[in-house]
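Below you will find the structure I want to go over with you.
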Amino acid sequence: MGAKLQTVVVGATGYAGMELTRLLARHPQLSTPLLFGRDGERPVQNETAEVALLAHEAGTAVEPFSWSKLGARKVELLFLATPHELSRTLVPEAIERKYRVIDLSGAWRLKQEQHRAVYEFHDPDPEIAGELTNQAVYGLPELNREQIAGARLIANPGCYATSVILALAPLLRAGLVDREHGIISDSKSGVSGAGKEPSPRTHFVSVADNLSAYSVFCHRHVGEMLEQLPLELGEFTFTPHLLPIPRGIMSTIYARLRRPSTPAEVEICFRDFYRGQRWMRIFPPPQLPQIQFSLRTNYCDIGFCLADDGQRLVLISCIDNLLKGAAGQAVQNMNVMYGWKEDEGLN
Amino acid sequence: MGAKLQTVVVGATGYAGMELTRLLARHPQLSTPLLFGRDGERPVQNETAEVALLAHEAGTAVEPFSWSKLGARKVELLFLATPHELSRTLVPEAIERKYRVIDLSGAWRLKQEQHRAVYEFHDPDPEIAGELTNQAVYGLPELNREQIAGARLIANPGCYATSVILALAPLLRAGLVDREHGIISDSKSGVSGAGKEPSPRTHFVSVADNLSAYSVFCHRHVGEMLEQLPLELGEFTFTPHLLPIPRGIMSTIYARLRRPSTPAEVEICFRDFYRGQRWMRIFPPPQLPQIQFSLRTNYCDIGFCLADDGQRLVLISCIDNLLKGAAGQAVQNMNVMYGWKEDEGLN
Amino acid sequence: MGAKLQTVVVGATGYAGMELTRLLARHPQLSTPLLFGRDGERPVQNETAEVALLAHEAGTAVEPFSWSKLGARKVELLFLATPHELSRTLVPEAIERKYRVIDLSGAWRLKQEQHRAVYEFHDPDPEIAGELTNQAVYGLPELNREQIAGARLIANPGCYATSVILALAPLLRAGLVDREHGIISDSKSGVSGAGKEPSPRTHFVSVADNLSAYSVFCHRHVGEMLEQLPLELGEFTFTPHLLPIPRGIMSTIYARLRRPSTPAEVEICFRDFYRGQRWMRIFPPPQLPQIQFSLRTNYCDIGFCLADDGQRLVLISCIDNLLKGAAGQAVQNMNVMYGWKEDEGLN
Amino acid sequence: MGAKLQTVVVGATGYAGMELTRLLARHPQLSTPLLFGRDGERPVQNETAEVALLAHEAGTAVEPFSWSKLGARKVELLFLATPHELSRTLVPEAIERKYRVIDLSGAWRLKQEQHRAVYEFHDPDPEIAGELTNQAVYGLPELNREQIAGARLIANPGCYATSVILALAPLLRAGLVDREHGIISDSKSGVSGAGKEPSPRTHFVSVADNLSAYSVFCHRHVGEMLEQLPLELGEFTFTPHLLPIPRGIMSTIYARLRRPSTPAEVEICFRDFYRGQRWMRIFPPPQLPQIQFSLRTNYCDIGFCLADDGQRLVLISCIDNLLKGAAGQAVQNMNVMYGWKEDEGLN
């Protein structure tokens, strides 16, 4: 047995960063990860009980980030759970220093300029940034396993995007869906998806006993969905909602099949597409996924209902936004990159 | 000033019944309502603190129901907050005894046999039941105010149906929507909509931290929507979800306009249709209703987003399922029936 | 019938301010209140849907505060729902300008310097501040009705303090409690009690699925309890907890009776003390108040259990922290000040 | 490496049973457990998605229980997650059949008849039942590790009892607490502690936005606390409350130290007592445990505040009621019984 892999988490105190830290700390192929806050300037809030417990669990403290701290250890792989602007700055240097990177932000997910525009990146070196954008692999193992295996830079997918892409890819790739008719995803997410920064909209009193739609027709994850699926902007409507729960996503997706089909045909399409995929669960009708079923797992659960006309299809896709939608998927990507079993450290 | 109206609530201890009792007890045109349980046989649980407080608030106890108790008082109007089977039995006798009735169940809402079939009514006298079915007025004042004013039997609308019909009626009646393209309502309801009877699916642990879809393509409220709107079964997809909140409904509705329009045109359509309606609030874009905004009010809040193509429309419709979706609407119907101001007792 | 009273709310957009605004807007003795934000400098967030709906409901907009805006109207009474530092500044000027004031903050509740110390007030004119401190009447009508009636400055009680003082006053004043043995209040509050300012501890993810104790032995409301009750610091332990609910307070209070008593004796002590009090409800054993029972009402609900030894007493006291614990009590105080029925505008 | 241990879960579909099943299915020393419903008569609800997912995760179906099904496999250890009446019937036969048993119910926890009385057991053979009652070991490893190691019958502690006993044992055994002054535990539990059976009090609408006290002075877990601690009935007051969260317990405990002490002395008492205990975390003041910190772990977290007088002590003790309060502790007990590391299968 060889030496264990040395990993690093930058942004270990955010929601995804904490979840990731817990997973890495228990992963059998890894030595204790190095943990850093998001920001080299501000001192890390090690004094909070929450971070203290995390550090205790991980067996190491969370420190302010600096490149020099990585030199002493034989670091191979960096996880960035940082805001996208910071990822845009850190990644070029990380790649230059020969690290492999799994970036959990939206910084490197989008190939097409029209989709990237919403992020308003200000790259110090646009040429290098452009090169890295092209090299980056969209880290959805069920679709892109081979490129992930050889990648230096993984753009870990957005949480909403994961739930939608995995539900639609089988049918769209098989050409079963009438794209011109339009596809709708009515998605609902728990609050951790909005990040840890306190704001009026994440205040307990604003969220509890409530439901609200937001970013209708303009959510940033739509670009990812369009790039990973055979789907055009005008064919797709995406409405996210904020649920009064801490975590979990459900996407209720509406599509029209090209020709009348049976539930068995739809189920077979999913089962064939995801045969052997460790983290996909297809529900046989009439069973449907619920958010609780995939909570605190790395599963993407998919179920569906087909109308009597055999064409109107309702898909239900559920994930835990912090696991399959963020940290769990990042670990799954690492497992693919290093040739380990895909559920290593995720059970 | 004339005498005050004597009302009766049968089923005063259910969720809608309790809400209704609170409203009636404070209504300035009414004397203290008579309160009955759902069932003449079982003793009413007056011993529970909840019912004791309600009775104290209303100034009268909740008793087992019997017709003879109504005789002594000059009762004019009955509210039935009873299961639909029981309403189907009570209403013929109530009408025979010359009472006016507002029934909050699904017993008398549906004119078309194909829609009624899901309820599997067993009427002792099918002829009378059929006659009453024809006479019953669907109690949505914003659409049917005139018939309500003169009705003897009001079928108070279902909660989901209220949220969907009020959102779609203006556009569908104006012929702006491409019906053949199909309309989708992705609706979400708080748990009180499922009634007070304990069951595995209303257990706190099943609902909290969860979201679940149910009755996809087969919910009983669909019939009401089809009968009240110019809409055919094959044109409409309805997906209800159970939210981890006690009360409130949001329907996120997807429709395609016949021709490219502007947000202003859509807003005007709504404002014209609902001009002077006391309990409708139209939100100017980009503001959207949230469940909290209409909670504990009788408002139906409607907002919308129109895609850049001017055709893909997302409507958001929110109500409190126990008020505009049940007890509040019942009081509004009474106000219409007796020519009172429509917000009497509802502010 | 004389003219209606003109009131003002400063801080109309906080949780207590919004609740107060709703109450005043419907109060039959008042004309439309003038509404101001907390801060003369910052523009009021009238653009948020929440404030827009409030303004619509109240029939007037929320404006930045300035004294000059009050001059035009015959303002008589000011409600301050402002942070205590701001109240400490505004009140001297308001009294100078001959307004009566009901202040909902902690600025004027404490007579004893040792209790005030925790607030670290920086008064521009300490002499006037001291004089007003002496003049201020602690606005708990059940205890101080007469002084309230004639007061120019009402210090509206803290929410925790209201729940504890009302539960303990009857027994302590009757000398039934063994004070030296010590009294404990284990109190639990919904999140609105922590205010509207977003912070890590009010983030939905921090509060949901959680319970936390805080400020053990050092909460600012303890001073009020000690001043209003015959109770010394060393005799009293107060532990507040943050509940995962938007509103409501329960205080579970532990005391030892001087001599063995019966439940009937305890109940009579409460009933005698609170005879004729509109907003007190005493629960007969074995019934106990729950937070839901007083939610969205101005009631303080009190129940108790007495151990078999007749001495160990557990009191349960519940209020809605935004009503009897803030805005409702403020309205009740106004009703007392102006000689109106004590439930005017509160039903 | 020897053969893996064959275990059995009776009552695998209750909340504790499901949690236990998940733990056993991943435990490295065990083969796939046999899973049974609570009741030999009723068919197991394998059709529910929840149980189907559990069975899939465990790698085996849940069957109706019968002793004959155990014969074919070399079963050694039975976990009973059954109602106490059923445990009272099953255990004598299990012991007769030479199985070791860990019983999660209250059936075998109490040595003293006066404490057992509340359960009203009807034993077919009182003599054998009495013998087993004496043999049963109270399965709190931090206190009774040695007896657990050799036990045939483990009575797994109650959830409230675990949180209270572990918080009080160090101080009481060291004689630091003034017992005659009285000790109070104000405890709060999530709803899963009330079991899976639907009832009015576990209905989502009854629990959400609420807090309620219950069983004051008469909760069944008090007997366990008194038997495991040096504490008499008249010295202890226990008030449980139902929290609007699915899982987690916090006990806020009030005690008086015999003589003025320092926080350091109290902390040392805890640290000495629990030195080397894998599943105890002592929080250094001023940090306090919160329910979230121990959620989904087997930890018991303990923190405290000491008043300035050095005598009034507030202890905070948190556990996950389904783990350290039930299934996790059962696994910990198994680990002790078989000489495995105490965190095997619990990380």
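Should a chain be cited, it is by its letter among A, B, C and D, assigned in written order, with residues numbered from 1 in that chain.
Just so it is clear, a residue touches a chain if its C-beta (ideal position, glycine included) is under 8 Å from a C-beta of that chain, and two chains touch if they have at least 3 such contacts.
Note that this is a predicted model, so its numbers are computed, not measured.
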item: Maximum centroid distance from chain C, chain identifier (CA atoms); value: A
item: Chain pair, B-D or A-B, that carries the greater number of C-beta contacts; value: A-B
item: Inter-centroid spacing, chain B versus chain A (mean Cα positions, whole Å); value: 40
item: Rounded Å distance, chain B centre to chain D centre (Cα mean); value: 46
item: Residues of chain A touching at least two other chains; value: 206, 208-209, 244-247, 288, 290
item: Of all residues in chain D, those that touch chain A in their complex; value: 26, 49-50, 52-53, 209, 281, 283, 287-290, 293, 296, 347
item: Sites on chain D touched by chain C in the complex; value: 181-182, 184, 186, 188, 206, 208-214, 216-217, 234, 237, 239, 241, 243-248, 250, 252, 254, 256, 288, 290-292, 295, 305, 307-309, 312, 314, 316
item: For the chain A and chain C complex, residues of the former touching the latter; value: 15, 191-192, 196, 198-200, 202-209, 244-247
